[in-house]
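Two complexes follow with subunit A in common, the first pairing it with subunit B and the second with subunit C.
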Partner chain A sequence: MSHLSALPVLVPFLAGPLLVAVGFFAPRWFDDSLATLAALAVTTLCVLLAVHAAPHPYAYWMGGWRPQHGVAIGISLSIDVTGAGLAAFAGVLVTAALVYSLRYFDAIEGLFHGLMLLFMAGMVGFALTGDLFNLVVFFEVMSAAAFALTAYRIEERAPIQGALNFAITNSIAGYAMFIAVGLLYARTGALNMAQIGAALSSHHADPLVIVAMTLLFLGFLTKAAAVPLHFWLADAHAVAPVPVCVLFSGVMVELGVYAVARLYWVVFAGPLAPHAAAVRAIFVGLGVVTALLGAAMCFLQRHIKRLLAFSTISHVGMLLCGVALLSGQGLSGVAVYVVGHGLTKAALFMCAGVLLHRFATIDEYELHGRGREVPVVGGLMAVGALLLAGIPPFTTFMGKSLLEAASSALPGYGWLIAVYIVVSAMTGGAVLRVAGRVFLGWGPAEGPHPEQARAAQERVDEERGPRGHTPVLMVLVPALLLVGVLVLGLIPGAVPGTERYVHQFVAHGNYPAWVLHGARVALPHVAPSHISAEDYAYGAISAVGAVLAAGLGLFGRPLRESLPARLRRSGQNAVGVVRGLHNGHIGDYIAWWSAGVSLIGGICLIALH
Partner chain B sequence: MTRRVRLGLFLVAGAGLAVVLLLGFGGLPSFGHAHELDGAVVNLDEPTLRHATDVVTALNFDLRAFDTLGEEFILFASVTGVALLLRTLRQEEEEDQEITPGIEDHRFAGASDGVKLTSLLLIPLLIAFGAYLVFHGQLTPGGGFQGGVVLAAGPIAVLLAGRYLSMKRIAPKRLLEVSDALGAAAYGLIGLGGLIFTGVYLEDPLPLGVSGQLLSAGMMPLNSIAVGLEVTGAFLLTWTQFFDQTLVGPPSGS
Partner chain C sequence: MGFLPFAVAVWLFVIGLWGVVSSRNLVRTVLCLTVVQSSTYLVLLGVGYRTGAMAPIVADIPSTSKLVDPIVQVLVLTDVVIEATITALLLALVVQAHKRFGSIDPEDLRPLRD
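This part shows the complex of A and B:
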C-alpha cells in the first residue's frame, strides 16, 4: 500500500495538463468527468494512505533516497493519519466543488478544471510532505493555481484587483518563509522537518531560531488569514467564483493552521519547550484578536460572500487559539472543528452560489424576500447557520466542546470559552439574519451603505444574467455536505479516535524515530474526553445567542435608535474606522502585514529569549 | 489611510522588520563555515552512484526531484493562469474580427535592417545552443530550465526580425499549450516509470551508462528534455499572450 504514497499528488499532476492540452477541442462532459474522477481517485487514495498509516505512521522516500545513519538527504512524504486525513478532506471538498460546478457555469476550455486539479495537488502535497522546503514548494503550487482561479471572471475589474491583493500578500509571505527555510538550513544543514527538529532539540532557542519560527508561522498564518495578515481574504472571497470559495474557506485557510501545528510540534517544540507558556500567550492573543475582529466584521457585512469570508477569519481565530493552547486536547478540538466548519462553510458558500446563479446579486438587502422562490435553500442556510453557531450535538459542537475542555484545563485560559461563544453566536447569527431577510423577507428591505449593493452584483457567466431555475445538483451537494456535519461527529468512536491520532501528532519525540529510523511507533492510549453538561449549556447559549443576534440584526433598528445620540455616534465612528481599514488598498495591506510581522517578531524575540 | 499615514506606518514597521531579520541573520554561520554535509554527500554520491558530472542538474533531477516536480507545476499553473486571464472574451472576439483583416504583420516594424538581419542570424544559433543545453544537462552546466529559456528566445528573434505573425505561425498557441502541458506531464510520467519498474516513485530504472556520455545518468537526460519542452512552451505562451494584448488588435491610441 505504501507504494501508492506518491499517487495522490501525481494523479492531479497528470490529469491537469491533459485537461489543459486537449481543452480546446474536448467537450464539456469530458472535462467534467475526467476532473471529477481524478478528484475521487485522489480522495480514495488519501483514505487508503490514512488507513495504512493508522497502526503506525511511515515515511516514503522519493527516489529511494532513504536516510543513512539518520541523515536525510532525499525528500520524504511523512504520512500519518492527521496529514492523510486532511488531504482526504481536501479531496472531498474538491470533488464536491467540481460536482457543484457541473451545472453552475460555462467553464472555459478545460482551464478551470485543470487549475482546480493543480490546486488540489498543491493542497494534498502540502498535507503529506515531510520536508520543509517541499512544504513551501507545495504552498506555492497551491498559491499559483489559487490566484488564477480568483481572477476567473476577467470581464470585470474587481476580480483582478482581488486576485492581485491575494497574490501580492501571499507572495510576500512566501518570501518570508523562504528566508526562514534558509536560516534553518544554515543552522542545521537539513531540510527534512524531522531532522531539523532533531538537530534543534538539543539547543536553546536563540534569535535565529525564533526569527525563523516567526517568519514561518506568520507566513502560513497569512494563508490562514490571522489579523493583521488577513486583509486579502475577504477581497479574494468576494470576487472568486463560488466553487473556488468553497475550497478557500473549507480547506485552504485551514491548511495554514495545520502547517503551524505541524511545524511547532515537529521542529520548534524541542528548543522552545522552556518557553511554552510565552508561545501560548502570544499566539492565543493573536487568535483572540482574529476571532473577535472577524466576528465583528462578519456581522457588519451585507455582501453575503464577504460576510461568509469574515466568518471564516473569525473561525480561524478560534482554530488558532486551539493550536496555541499547545495541548493534545486543544489540537483534537481543532481537528474535529476543521471538518465540521469546513463542510458547513462549503455548504453555505454553495447556498450563496444558488442566489448568485438565480438573481445575479449577492446583496442581502437587494435579495430581501426574493429567496421565497427557493425555500429549500433557505432551510439549508438556516441549518448551516445553526451548525456554525455550534448547536449541540453535531460535529462543530463536538469540536468546540473539545476546545472548551482544553481551555478550561489550562489555568488562566478558561475565559477563552466566552470568546468561542461570542464568535459562534455572532457568525451563526449573521448567517441566520441573512437567511431570515432573504428567504422570509423579515426585517427592513433597505439597509445602511446602499452603495455597496453594486459591488455585490455578479454574473456567474460572461453572457448570462439572472436565471429562472436552479439545477437540482446545486441544492443536493450542499445538502449532502450538511448531512455530513450532522452525522460525522455522532459516529461512535469518531471523536475519540481523532483524539488518539492527534496525540500521536503532538508526540514530537517520536516523530524523528518513525521518519528517520523507520521505527514502528504505536498509537498512544488516550482517555477520551467526556462532553459535560456544561458543554451542552455552552452550546445552547451559542445557539440561542445566534438567534438573538439574528433578531437584533433584523428587527433591532428601533432599539438602536433609542440609544443616546452620543453613544450611537461613537459606535458608528468605531465601525467606520474598522471598516475603513479593509479598503482594498494593497499598499495599506502590506503596511499592516509588515507591522504585524515586526510586532509579533519583536515580541517573540523579547519573550522567548 | 492617507498616503502619508501609510508611508509612516510602513517606515516604522519596515524598520522593525529589518531589526528582527538582522537579529535572526546574526545567528548564521560565519563565512566559509557553512554546514557541508549535504554538499559533501551530493558531490560524493551523484558522480559515483548516478554517473552525472553536473552535480546541480543531478541535485534537481535526482535527490530533490520531487521539489522539481512541484516547481514544474508552479510554472505550469502560472502559465495556465496567464492563459486564463488573458483569454479573449466573446465580446472582444467580435471587436478583433473587425480589425484583424487590416493587419499585414504587426506594429513592431520600426526595427532597422541591422537589427532584423542580426535577429535572423541569431535564430539558428539560439536554437542550437538551447538544444545543446537541454541535451547536455547531466554533463555540463545547464539543463532543461536554462535550455528551455534559450530555446524560447529563438522564435522571439523572429519577432525582433519584424515578423510577429510569422512567429505565431511557427509557434501557434495550441502547439505551445500542448508542449507546455506535455512537458509538465512527461516529468511526472518519467517518475512513474520508477514506480513501475523499481517500486519507488522517481527512482531510476534505467542503465546509468558511461559517465560523460550523452546518454548517461539514467533518467536525467529524459527529465531534462521534459523540462526543456515545458519551459520552452511556457515562456513562449506567456510572451505571445502578452504580445497579443499589445501588438495585435486596435492601435492603443484609438
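This part shows the complex of A and C:
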C-alpha cells in the first residue's frame, strides 16, 4: 500500500505531458478518455489514501530516505485524512470538469487535457506534501498550468490580459515564499514541515520567524485572493474557459486557505502560542474585509462569471475568518464549507457555461429572459443560489453553523455571525437575481454601464457563435454536483467525522510524532457539535435575505430613485471608486499587493514581537 | 559577507516590485519580475554560504574539507527552472498581446475595465 502513496502525484505528471506530446495527432476520443480515466484513477487513489490514513496518519518517504533520530533528509508525503480528502475533492472536481468539457468544447486539443492534468498534479501534490519547499514548488506547478489554462483562448484579447495579471501577481507571491523558505531553513536547518515545527516549538517568535510567517501566509493568501491581494482573481475568472473556472473557484483558491491552516498548526503554532489573540485579530480582520468587499463587488457585477468570481472572494473571506479563529471547531466549519461551497460554485460556473455555450454572451442584461429556452438550468442556478446562501439543512449550512458556533464560543467574536449572514445573503441574492432576470425575464432589460456587455461576449470555440441546443451532459454534471451538496452534509456521521479528523489536524504536537518518528497517533475523541435552533434561524435569515436582496436587485429601481439625490450621488461615487480600483492595470495591482504586504507585515512585526 | 547578501536581496525585491508597478512596457515588466526573483537566489545562497568553504562537489576533494551548504544550491536550481518556465510563458503572452492589441503598454490593455 505505502508505495501507492506517490501514485496520485505521479499519474497525472506522466499522463499530462504524454497528452501534450501526442495531442496534435491523436484523435479527440483518445485525449478525452485518457484524461478522464487518469483523473478518475487519481481521485480513486486519493480516496484509498484517505481510507488508509483513517486509523492513523502516516508519512511516505521518497526513495526510502527515512528520518534518522527525528532528522529528515528525504522528502515526505505526509498523509492524513484532511490532506488526502482535499486531494480527493480536487480529483472529483477535475473529473467533473473534464466530463463537462466533453460536450462543452467542439474542438479541443490534447494540450488542454495535458494542462488540466498538470494542474491536477500540482493540486494533489500540494495537498499531500510534508515538505515546505515542495509545498511552494507544487504551488508554482499548479500556478504555471493555471496561467496557461487562463490564456487558453489565446487568439482573443481579454484572456491575454487576464492571464498576465494572474501570472505576474501569483509569481511575485511565489518568490516571496521562496525567501520565507530560505529564512526558515536558516533558522532551523530543516525543510520538512514537521521538523521545522519541532525545532520552532520551543522557540520564541523572533523577527525572522515573523517575517517568514508573514511572507508565507500572504503568499498563500494571494492565491486565496484575500483583499488587497485579490485583484487578479476576477480578471482570471472572467476570461478563463468555464471548466477551468470550475477548478479555480472550486478548489484552487481554497488550497491557499488550506496551506495557511497547515502551516499555522504545524510550523508556527509553537512560537506564536503566546500571541494567539493578536494573530486571531489580524487575520479575522483581513477575512472580514475580504468577505464584505467581495460581497459588495459581487452584487455590483453584470458579467456573470465576474459575479461568481467576486462571490468566491467573499466566501474565501469567510473561510479565512474560520481559520483565523484558531479553533478546531472553526477549522471543522471551514472543511465542511469548502466542500459545500466548492461543489455549489462549480455547478454555478457550469450553469454559466451553458449560457455561454448557447448564447455566446455572459452578460446578465443581454440574456434578459432568453434563459426561458433552458428552464432546467434556471432551476439549477436557483438551487445553487440558495445553497450559496446557506439554506438549512444542507452542506453549506452545516459548515456555516460550525463557523457560527466557533465564533460565538470565542469571547468578542460573536459579531462574525452577522458578517456570515450578510455575505451569504448578498452572494446568494446576486446569483438569485441573475437567475430571475435571465430565466424568468424579471426586472428591467437595460442595466447600468451598458458598455460592459461587450466584455461579456465570449465564444466557446473559435468558429462557432451562438447555437440552438444544449447537450444533456452539460446539465447533468452540475445537477449531480448540486445533489452532492444536498446529500453530503446530511449523511449521518459525515460532519462529526470531519470534526474528529480536523481536531487531529490541529494537534500541533502530534504532527512531528507521526511524520518523523512513525508514531501511531490515534484519532481524538471529540464531542460532535450540536446544531441549535439559533443556527436554523440564522440559516433562514440568510436565505430570506438572499431572496430580498435578489428582489431589490430586480425590482428595486423605483426604491433607489426615491432616495434623496445627494445620498444617491454619494452612493454612486463610492461604488465608482471601488469599481475603479479593479481596473485591470497590472502596475496598480502590484502596488496594492506591495502596500498590503507591507502593512500587514508591519502590523504583525509590531503586534507579535 | 554576513549581512550584505540579505540587504542586497531586499533591495532587489523592492526595486523589482517598483519596476513592475511603474512599467509602461510589458517586456520590462517581465524582466523586473526576474529581478524580484534574483533576490530569492541571494537569500538562499547567502543562507548556505561559509567563508573559505569549497563548492559542495565531494568526488575529488578530501572529505574533511569545509563545504558550503549543498541543499540551498539545489533549491536555487529548482528556482531557476521555475523562473525559466514562468518567464518563457509570460514572454509568449507578451508577444501575443503585441499581436492582438498592437501595443505592450499596460495602459492600453484594458478590455477588462470595470
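Annotations
Keep in mind that, in the parts below, the second predicted complex is superposed on the first by the 606 of 609 C-alpha atoms of A that agree within 3 Å, B and C clash if a C-alpha of one lies under 4 Å from a C-alpha of the other, contacts with A are read in each partner's own complex, and residues count from 1 in each chain.
The working rule: a contact is a pair of C-beta atoms (placed from the backbone, for glycine too) under 8 Å apart; a residue touches a chain by one contact, two chains touch by 3 or more.
All values reported here derive from a predicted model rather than from experimental measurement.
By the document's definition of touching, of the two partners only subunit C reaches A:Phe178; subunit B does not. In the superposed model, B is the one of subunit B and subunit C that contacts more residues of subunit A.
Of the two partner chains placed around the shared chain by superposition, subunit B and subunit C are both touched by A:Ala186. By the document's definition of touching, both partners, subunit B and subunit C, reach A:Ala591.
In the overlay built on the shared chain, the residue A:Gly497 is in contact with neither subunit B nor subunit C.
In the superposition on chain A, contact is made by A:Arg157 with subunit C only, not with subunit B.
In the superposition on chain A, contact of A:Val71 is made with subunit B only, not with subunit C. Within the superposed three-chain model, A:Phe147 lies in touch with subunit B and with subunit C [touch as defined at top].
Once the two complexes are overlaid on the shared chain, A:Gly379 sits clear of subunit B and of subunit C alike.
Shared contact residues on subunit A (touching subunit B in one structure, subunit C in the other): 133, 137, 140, 144, 147-148, 151, 154-155, 160, 179, 183, 185-186, 583, 585, 587-588, 590-591, 594.
The part of subunit C that touches subunit A in the complex is made up of residues 9, 13, 17, 20-23, 26, 29, 33, 36-37, 39-40, 43-44, 46-47, 71-72, 75, 78-79, 82, 85-86, 89-90, 93-94, 96-97, 100-101, 106-107, 109-114.
Those residues of subunit A whose C-beta lies close enough to touch subunit C in the complex are 133, 137, 140, 144, 147-148, 151, 154-158, 160-164, 167-168, 171-172, 174-176, 178-179, 181-183, 185-186, 191, 234-235, 238-239, 306, 452, 455, 579, 582-588, 590-591, 594. Residues 1, 6, 9-10, 12-17, 19-21, 23-29, 34-38, 41-42, 45, 62-67, 69-71, 73-74, 76-78, 80-85, 87, 89-91, 174, 177-178, 180-182, 184-185, 188-189, 191-192, 194-195, 198-204 of subunit B are the ones that touch subunit A when the two sit in their complex. Listing the residues of subunit A that touch subunit B in their complex gives 3, 5-6, 9-10, 13-14, 16-18, 20-21, 23-24, 60-65, 71, 73-75, 108-109, 111-112, 114-115, 118-119, 121-122, 125, 131, 133-134, 137-138, 140-141, 144-145, 147-148, 151-152, 154-155, 160, 179, 183, 185-189, 206-212, 214-215, 462-463, 583, 585, 587-588, 590-592, 594-595, 597-599, 601-602, 605.
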